[in-house]
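Presented below are the structures under discussion, each in the form of structure tokens.
In the two complexes below, chain A is the common chain; its partner is chain B in one and chain C in the other.
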Partner chain A sequence: MTHDAGPIWLKLAAVAAIAALPLVFGGNALLLHLAIMVGIYYTVCIGLSLIFGIGGQLSLAQAAFYGIGAYTSALLATKLNVPVFLGFVAAALVSGIVAWILAAPILRLRTVYLAMATLAFGEILVTLIRENRQLTGGSTGIVNLPRPAIGSFVFETPSQYYYLVWIVALAAAWIAGNIIRSRFGLGLRALADAEIGAASCGVDVARYKTWMFTLGAIFAGVAGALFVHYLSFISPDSFSVSFSILIVMILAVGGRDSLVGALFGAIAVTVLPILLAGYEKYSELVFGVLFLATVMFLPRGLAGAGEALLARMKGGRRVTHEGRDA
Partner chain B sequence: MSLSAFLQFVFSGLTSGAVYAFVALAFSVTFSSSGIVNFAQGQFVMLGGMVAASLHAGFDVPVLPAMMIGVAAAGIAGLVMGAGFILPMLRLGEFTLILITLGLSIVFEAVALIVWGTDPLALSSLIDAEPLRLGGASLTIDSVIIIAMIFVTLIGYQLFARFTRWGRAMRATSIDPSVAASLGVNVSLTIVLAFVLSAVFGGLAGVLLTPLISTGAQTGLLMTLKGFTAAVLGGMGSPIGSVAGGFLLGMIEAMTTGFISSTYQNAIALTLLILFLMVRPEGLFTKRSRQA
Partner chain C sequence: MPDPAILSVTGLSRRYGGVIAVNDISFAVRKGSITALIGPNGAGKTTALNAIAGLILPTTGEIRFEDRDITRQRADQICRLGLGRTFQTPQIFRSMSLRDNVFVGATPLGRTTLIDAAFASPRLRREEKELLAQSDECLRLVGLSAQGDQPIAGLSFGQIRLAEVARALASRPKLILMDEPASGLSRAEAQTLRSLLFHIKALGVTILLVEHNMPLVMSTADHVLVLDKGRMLATGTPDDIKADVRVRKAYLGTVE
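Then we have the complex of A and B:
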């Protein structure tokens, strides 16, 4: 079981680098902003990596849960003056509950049918948000969302918010990593490969799928809440189905069966428009082509390609697990 | 509601139903030849419509040739997709193929956004004539054309599938690709042909729709979802079922608009999709059971 069980020093180094980033580059507002967005994308991607990467279920509903979490927290904060942190907890709860209810009927569907049904769910949700103007502010949304605070300490500056986002992201990664290595994760991988086979080995397929979907939705919901309180603005545009597709693309580019892959993908999508400075118009096309190319030629994404390269450099040691599609 | 108002909603249901029928038929063609549900299906509608509209508006190409070029452009996109992306990747399994069609859908839209921007384009009518008046309601010539064309296309496709060599090859492939191959059918070519045909059907819908509702670069994905809904309603893989599903969806949407409100038109159509996938994935008009 080599899944993300990299050497401990590598993980500590990564955490140290993440912790040190604002100390070193704190003056660079753009870099800090990008790092915050990477953290948010990463959290949503970790959720999808459980559902799709490990469990093999192609869900295009991550944007919907991201939106459910975001609106839960935004509405609680603006309509009922609920402290933002409580709103975050509510965001996790509400997106989790909706996912749990939806999971039982929808996860019986497979492959493209599941993809279309989850896509339809996302589209329906956006319509509901857009049309309930009284509650959600319709297409214009809600402005002046408060920043989260503990007592009198407010997460006001970008550096402070950066730490908040990354504590959540790393916690999500830690939880997901433990799940992947647990019996539950093993069951998920088994049902991804062969549902009937997994069931015959004692995996409760329906229950496993429900919990995987719910957990993934909770990660997305919390990330959505973090996102809107960072922008201090919410509108339905951020939660359209294209965001769900973007998350699938990020995960596929990075490598859908590893948490490192999700991070690589999140960095790639955030940095790309900067690399294309002056040609931002083409960033969607470039990322689309990058996605197509990875799907066609690097089925395990950038992370998988990097791993294979490392293994070759170490002297021909074979990579122990193969691409899922092979 | 007065009879004339009701008739008006029926006409609008038939018109949008014809569009969905084209896309659903296109879905069925690729699905039955290769088992692939093509996420980029709606992009061919967008592509055909946008190419025709921009040729007419920007280069003064008359409407009919502009439409023909629009359909041809969609067909070429289908050829590139089938021969360049689907065929070489066919052995890579279902998930990879789904992701490839999703990626191509994104790429088509991104290219359209670069070329045409976000503003929708309009196209003049094919025939300049007064709308038909029936029972106090009116039906534009463009609507008549698109409704007539879906039936022409369906009959043409059925004749092709039954009586021509290539059509029979496609049907044989849909039943069992390896048996078809052992009987001398060129399965690869058949799959490419199916993608070209499905793209042409999508393009036809696009060029015929654009005089009625202007088409924008970002309309493709919703068209994919609607066409897929129609195909699921009618029965994926069955040409007649898909067309019936298209009209059914158009009617449901029109009646929702007429009796409830237009705001939830999409939401109701898509709720129907989710319900159908769960309860009756084989569709209303087919008997075959299919695992969904």
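Then we have the complex of A and C:
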């Protein structure tokens, strides 16, 4: 490890708070629903934080992988009666394999060209889903998706599903955090800063990008499967490119180079529409303004601003490791 | 008996459209030497260096490193074979601390996998501790131990040049290519660089140095190669080169 991963007590406190939430607010159905959605969004964001947040490669395909995972699991459960947990594993595999195949041609592109190619991939996927009515139910989608079960235990209640979602989210955060802090994470950060410099240090740029893109797709695929089996319903609407853009915005607002930032961002987009109850039609406007304001005034997002504030409170100690929390 | 060549370049050319940046040059770098590649601006020095390091493909010619053909290898593959480099315009990782910059330089020494990293395996922790110690050793060698925790972007230009040397050394290269390491350095920093070159040589690392600072070249190099307009104009010891009429003409335009 090349640097401190943040105080362990803070992490334990966060995990304890997440574990305790249904015990304290179990009766509040709305809050529990929001907490489940935060966990799912957070998992998708963690996936993107590797390739985009750390690696600087703007991919708008995250919704597509979220959708591939979701449809894989939904179709296996409804057409072939495959147990949902096996469907989750298949969701991870299929999303990962598609990403791996896509990586070779697409990750040669950079900046806005990469964004456009990944955006096109997402559009093609949604069109395929819509037009293949026989298989996917087209725009209407598929209803009555089963809940996952272990033996006779079914993740039926919101509290039970909450724990399932957050175990996955925290596992994803742990894995991504480990990678970010390892030499692989530093290599990824290095290629974002100076690709030629990184290659000349022995960093296999194409391979690093492929791994991180694939891993991000796996996280998104599992999150997508968790999402549709939670709603018991799947339709192409949830996997459009606007969801990819939302995920990028979540990272920008929260702080794209930190996993804490991804969590802040996921909470912000989930809670904001509720705070604006009655004015929902303005929620996109408010989020847009919030997005612009953070990009302009807090380039490292909410997490970066919080870190700077914390450092200042500690007596003006300079933050030496820029954006190195996880 | 002269030492064997660690690097040999044969018939190297690189054409950009109608411009021939490097035109059929051949040379060898002897193992353990400090070899300088000099020449006026536009002579093709950086192009030659980039071809050796795998950043551009030669139009024709062959490059062999330790009897291995590396002509068509990628930069990262060449680095992993033991060939490090620094850049004329530093290619540093601006968002990172100095120590992390040097640590990235140790990438070729890593033996653990991404799976080890994902689950923070003990093997990975042990290896990173070793590589970090190795990086700190390189920082100490260039005299920047005290600045390790600072963001690299906050260092002076001269310190950044030395940091790139430390980063290149972190992979334990057999040959290190340096592209104008003294340019932009203060007189004191150039002195530090000079003794650093001898230290690196003493460690058994061969150096191929592209440099404009003639006092530095003439006082450190064992062997000098002079390029002019893409062609090899002269080769020899520093004394040979100082006495060479063609070299003086290329640099000064006139000969008295």
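By our rule, the second predicted complex is superposed on the first by the 316 of 326 C-alpha atoms of A that agree within 3 Å, B and C clash if a C-alpha of one lies under 4 Å from a C-alpha of the other, contacts with A are read in each partner's own complex, and residues count from 1 in each chain.
What we mean here is this: a residue touches a chain if its C-beta (ideal position, glycine included) is under 8 Å from a C-beta of that chain, and two chains touch if they have at least 3 such contacts.
All figures in this text were calculated on a predicted structure; none of them were measured in a lab.
In the superposition on chain A, contact is made by A:P299 with chain B only, not with chain C.
Touch criterion not met for A:L263: it reaches neither chain B nor chain C. By the touch criterion defined above, A:V98 reaches neither chain B nor chain C.
Judged by the touch definition given at the top, the superposed model places A:T111 against chain B, while chain C stays out of reach.
Once the two complexes are overlaid on the shared chain, A:R189 sits against chain C while remaining clear of chain B. In the superposed model, A:L128 makes contact with chain B only, not with chain C.
Of the two partner chains placed by superposition, only chain B is touched by A:L285; chain C is not. Across the complex, chain A meets chain B through its residues 56, 58, 105-106, 108-113, 115-117, 119-121, 123-124, 127-128, 131, 241-242, 245, 248-249, 252, 281-282, 284-285, 287-289, 291-292, 295-296, 299, 324-325. By the touch criterion given at the top, residues 53, 55, 74-77, 79-80, 84-85, 87, 91-97, 99-101, 103-108, 110, 114, 116-120, 124-125, 128, 131-132, 149-151, 167, 171 of chain C touch chain A in their complex.
Considering their complex, residues 37, 39, 85, 89, 92-96, 98-100, 102-104, 106-107, 109-111, 113-114, 221-222, 225, 228-229, 263-264, 266-267, 270-271, 273-274, 277-278, 281, 291-292 of chain B touch chain A.
Chain A contributes residues 1-3, 175, 178-179, 182-187, 189-190, 192-194, 196-205, 211, 257, 320-323 to its touches with chain C in the complex.
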